[in-house]
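Common to both upcoming complexes is chain A, partnered first by chain B, then by chain C.
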Partner chain A sequence: MNRDRWWKFQSRAAPYLFVSPFLVIFCVFLLYPLARSLNLSFHKTFGPRHAVYTGWSNYRFLLGHDVLFGLAVMNTAFYTVAFVAIEIPLSLGLAVLLNSRGVRLRNLFRFSFFSSYLVGQVFVGVIFFQLFSPDGLVNQFISTILGHRIVIPWLSSPAMAMPSILIASLWLATGYGMVYFLAALQAVDPELYEAAQIDGAGGWDKFFHVTLPNIRPMLLYMVLIGTIGGFQLFELPFVLLQGAGPDGRGMTIVTYLFIMGFGAGDLGYASAIGWMLVAILLIVSLARFRFFSREIGA
Partner chain B sequence: MGLNADRGICHPPPGTRQSRQAVRFSLGKPILTLLLAAAVSGVAVWRRAGAPRADLIVWSFDQTHVRTFRDPLPGTVGRSAPSLFDQFRRQTGFSAAISLMGQMGQNVRLGSAFMSGASGPSAPDLCEIEIHSIGQFLRPPVDDIGLLPLNDFLEQSGWDRRIVASRLAPWSKTDPRTGRRIVYGIPQDVHPVTITYRKDLFDQAGIDPRQAGTWSRFQGLCLAFQDYWAAHGRPDRRAIALSTDSPDEIVEMLLQRHVNLIDQSNRLHFNDAKVLETVVFYARLVAGQRAIGADVSPGVGWTQDLERGNVCAVCTPDWKADDLREFAPDLSGKVAMMPLPRFDADDAPTSTLGGTMVGICRSCPHPETAWKLLEFLYLGPEAIRARLAAGDNVLPAIPQYWSDPAYHKGDPFFAGGQNIGDMYVTLAGQIPERFVTPYSYQAELALAAVMHRARQYVAADRRMDGLDRACAGWLAEAQEDVQRRIDFGNFEP
Partner chain C sequence: MTRRIGLHLLLICLAAAAILPFLWLICAAFKTPADLLNSTLLPWHHLDRLTLNNFRLLGDRPFGRWLVNSIFLASAHTVLVVTLGSLGGFALAKYQFAGKGPITVIMLATLLMPPQVLLPGSYELMYRLHWLDSYLAIILPGAVSVFGIFLFRQAMLGVPDELLHCGRLDGCSELRLWWDIALPVVRPMIGAYTLLSFLTEWNSFLWPQIVLQTESKYTLPIGLNGLTGLPEYQHNYGIVMAATLMSIVPVIVLFFALQRDFISGLSSGAVKG
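Showing the complex of A and B:
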């Protein structure tokens, strides 16, 4: 092969060579499993070796008869709405506070609040499992304040299961949201605040009429990833409640998928649950994107 | 240097020094280094000799078992004897090893191995499985279950006549073609259940719970006990640990009454009158004005709750009695044990909670040798001696060993050196039969949901005469739901 042909060959091959690692990994670990799980969702299975084709029956049972799936969807939707509604104001509040020049040791506080995110959901689940036990630190603290022993059944009461998950996940994620909002706040043009100041705007006026409109794209982005993250919730409640929780009140869609796939061994039904989750996320994301693009356009 | 604009690739004019270097490898040194590193490490990993695998691998989630099998056994005059594994290798020439893993992790790995038909290093030859987990492995048709049927081994060795028959039931499945029960696991225990209570606190209140005899009278005595302590500065003190979340205790009570929510033929019994009566009674034990039960801390935290007197009695299978000694040593001399009260005269004075089996995986290439190892580690007299030497006092599922003096010693941890071993041995012969099917877990979830609704009903202080009717409706709904799941998920015709 002469030099020119070698050069041409390399030039032609180089892009494919660069792209090939991603393509191979994408096909082996994403595309093939996706296609396989779609195929499995039309089978009754005990693992991939024992599969009986059943058509749409998994989806029919899931949507028509499975009260546990309905419960899992309700739990997940409730968690997602509550999480987004609480996490975003908390993160934004912290970010505004730690963006203020009046606060000393700002970097230390920023790192402290963010550091909880670094430990991961499983670790947080283990910590809060201890904190929320009948004689755990939380109940001890409340008992000390009230002056008599009180046992709040954080993890064993159906009514308390979701608040317990919310508290733990807010502890985990608020610092993460704060970092994003800090970045957005620091990108707001200071001259806008100066102009507002000259016009006689107070602190709240500046927040509502300068800060919020300028960080709106970030706000919508946080709502979107909070919603997607909420629907994908699994490890934290699974570790915290040691499974589905009292009366199934801590069972999310992914927890139910795990129970059916690896507990009952029905990968076909678990795949159908997974594809229903995809459909839900797709609908939510499309709705958000429509709203998002309209906001940006405005 | 020219720029190939449409491909974004730079290349030098021909004939220069740079061009000669580039012709050798035009993508640059970093890429070349990365490719070389990947090639070298790939070859190294590919050629790396794996650690030699023992002839037989056992998977266990129980640290005591791992220590018992692997560690040298205590010998005479301070000298240690060879471990059980070493003894087995000397007798048979086959090596064995054990892997310890978390229970949930083991279930997932085992399930994946069974589902994919894995063999070799990624699958064990023998595995221990806990009673709450076995159902999931029994879902496929009998010939496709990942565990080997052990009926022939049991019959040929005669162990089928020596093992407590009721303890073979949880690890078995009926072959619909022949109606024969296929046994997939050998039980390691019987786990009779008693009640351990704070004798010092009950004595102070002047109440002897052993006099109860029935659950109804037991509730009455416990209410008197709570009234006493409420008048003496502990209004929060509860008589007994009863879960408001897990269905474990209510299932124990049903077993005591010889009711399995699902029997060996997958028939449901939610609509049994005894189930209704038990659920309604249990709801009144944990809610309302006549409540005597309370939740305890997770894990072994219940030992601390008992030590602090937050709860003053606990249902104790034999393995829990060991936990008590280990985690609440200050209770020494303050606790006593009693059989379970009954509902009716024909109920068992005990129940069963928990349990572990050992089985041989279908993928095992040497099933005969695996059976020999199973006999040696779990059934033989050496195994029982090793278990006792390791401090494992759990009663084995083989009655011929129950006469061993080690199971009949007075226990100084219990008040007056009570001989709790005697009590466990007496009750072990009366434990009710328990079946586990792939749908037992879902049935227990459904029962827990009914129990919650009943508890809320009682807690809301509504008219009690409506509870029976409401509860019967919830149980019927639960039965319908679980039946639908059985019909939907069943492989058998």
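Showing the complex of A and C:
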């Protein structure tokens, strides 16, 4: 009888017991800080101890007067657009090559391309910090091709800061994108290609009229995660340029949040920057959603 | 035939370009300061000059500590996030309980938030708890992943109800059902998720950089970022490369151990999603 009641109790209580450790930590360390960040964004703070309520002034200053924030948004947006525009064709191209008929050692190639993704952004920054140095491997390589010694100031000139970041992050991410595209390509029904073949379609026709429409969901997914990741860029430029870079050309939104919050000690202002990032990502998602739903409607 | 050879040549060139930074890194880690300046990859005519000295010099820095710290934090993170996520995901997938709907909606909403917006609020909380410079500040907030719980929920929806019912008739407690039925069914996904969690924490930089202040408590990314900026290693960077190499090798080994699960788990999830 007693055992019976225990049995009923444990089956009734089970879901609550299972979900509660997760839920408690989620509320204390995720929801609460989220609410605090929102509240802090209406304060001017000096370290974690002193806060003065200032209403909307953080946001007004960010949007109206803060030149550095404008620079950070411009840099981040430029990086994101350039990254997505280059990474997706590269990853897709690699995936198509690797998916061609008769490729030997496919897994080995796939691993060679993918392996750079295992290296974290910080370590990529440390490695490319040396590769891009004045006598680094990249300059040596270019000098060899040109036949005379050339020193490109990759990391110290304002104009080259963004291209350096892009090259390093493309090395990191292209193989990762390729794995996704390869999976999508392998899921395309081979009969569609045979049908196209019978209709007399050439290689490019097949790519544009069979492959692309069939991997469209994956394409949109890659654009979305590329965009979200791009706007959150921080570690790679921060390590590669050891801070905000020459003339702040490597300053991203998150770098600015970090500097204001944990260098200058104004947690309130940093919160406001964080919520601006939320707003930007929300606008991006809505824009994509409208674009996507129009596509479905058509 | 020529087309196939051309295709393979192209692939080999591209793969070589992709792994060139790795090759350069491995070479640099074993070179003397003089050879770092004079040779591109290896000093081919003086291979006897290659040295383990860079690894030995790492002893001057608390590099061993950083390595141990990173292994500890990444392992703790992985164990917690997999345990709590699979328990919670099991409850969300296979039970009806009060509050399930609102909980799901709130969690999904937080998935849309960039995690960086939490930083100021979390920092203030850690300051009040006196957890700054303590691993508690890294382990506890990292113990739950909303992405993870939904991954487990999604996978565990596929656990047959009949199987759970039979288990109950045989006298299994609900916890045994989780351990003996639900977890084995989603095993391939656990492999992929374990690797992904370990990788994320191993490479994590921003939050530990904010929280940790004592050099002996640093993790590898924080320690290495600090070394990179030091003027003394500007030209004599073999030591930094030795440290980087040793930071990358563990995750590559782990990847090889779990790679079958990982690539299939990654791509199957992607195609379904």
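To be clear about the criterion, the second predicted complex is superposed on the first by the 283 of 298 C-alpha atoms of A that agree within 3 Å, B and C clash if a C-alpha of one lies under 4 Å from a C-alpha of the other, contacts with A are read in each partner's own complex, and residues count from 1 in each chain.
By definition in this document, contacts are C-beta pairs under 8 Å (C-beta built on N, C-alpha and C of every residue); 3 or more make two chains touch, one makes a residue touch a chain.
All values reported here derive from a predicted model rather than from experimental measurement.
Asker: I'd like to know which partner A:S156 touches here: chain B for first, chain C for second, both or neither.
Answerer: A:S156: touches chain B, not chain C.
Asker: In this superposed model, does chain C or chain B come into contact with more residues of chain A?
Answerer: When the residues of chain A touched by each partner are counted, C comes out ahead.
Asker: Looking at A:L282, would you say it contacts chain B, chain C, both, or neither? Reply first, second, both or neither.
Answerer: After superposition on chain A, A:L282 lies in contact with chain C alone.
Asker: Tell me the contact category for A:L267 with respect to chain B and chain C: first, second, both or neither.
Answerer: Both partners.
Asker: Would you sort A:R5 into first (chain B), second (chain C), both or neither based on which partner it touches?
Answerer: Neither chain B nor chain C is touched by A:R5.
Asker: Between chain B (first) and chain C (second), which does A:F129 come into contact with in this model arrangement: first, second, both, or neither?
Answerer: Both partners.
Asker: Thinking of the overlay built on chain A, is A:P246 touched by chain B (first), by chain C (second), by both, or by neither?
Answerer: A:P246 contacts chain B only, not chain C.
Asker: Applying the touch criterion given at the start, work out whether A:Y221 contacts chain B, chain C, both or neither, answering first, second, both or neither.
Answerer: second
Asker: Look at A:A14 in the shared chain and tell me whether it touches chain B only, chain C only, both, or neither; answer first, second, both or neither.
Answerer: Once the two structures are laid over each other on A, A:A14 reaches both partners.
Asker: Could you tell me which stretches of chain A are touched by chain B in one complex and by chain C in the other?
Answerer: 10-11, 14-15, 48-49, 129, 135, 242, 262, 267
Asker: Can you tell me which positions in chain C touch chain A when the two form their complex?
Answerer: Interface residues on chain C, with respect to chain A: 4, 7-8, 10-11, 14-15, 18-22, 24-25, 28, 37, 40, 84-85, 87-88, 90-92, 95-97, 100, 103, 106-107, 110, 112-125, 127-128, 140-141, 143-144, 146, 149, 168, 173-175, 178, 199, 202-206, 210, 221, 224-225, 228-229, 237, 240-241, 244, 247-248, 251-252, 255, 259, 263, 266-268, 270-271, 273.
Asker: Mind listing the chain A positions that touch chain C in their complex?
Answerer: Touching chain C from chain A are residues 10-11, 14-16, 18-19, 21-23, 25-26, 29-37, 40, 48-49, 94, 97-98, 100, 102-104, 109-116, 118-123, 125-131, 135, 137, 140, 171, 174-175, 179-180, 182-184, 187, 218, 221, 228, 231-232, 234-235, 238-239, 242, 254, 257-258, 261-262, 267-268, 270-271, 274-275, 277-278, 281-282, 285.
Asker: Quick one: in the complex, what on chain B touches chain A?
Answerer: Going through chain B, the ones touching chain A are 4, 7, 9, 11, 14, 23, 26-27, 107-108, 111-112, 114-117, 136-137, 139-141, 144, 236, 243-245, 294-298, 301, 304-305, 308, 310, 438, 441-442, 445, 448-449, 452, 481, 484, 488-489, 491.
Asker: Looking at the complex, which residues from chain A come into contact with chain B?
Answerer: 3-4, 6-7, 10-11, 14-15, 17, 44, 46-50, 52, 57, 61, 65, 67-68, 129, 133-136, 148-149, 151, 153, 155-158, 242, 244, 246-248, 262-267, 269
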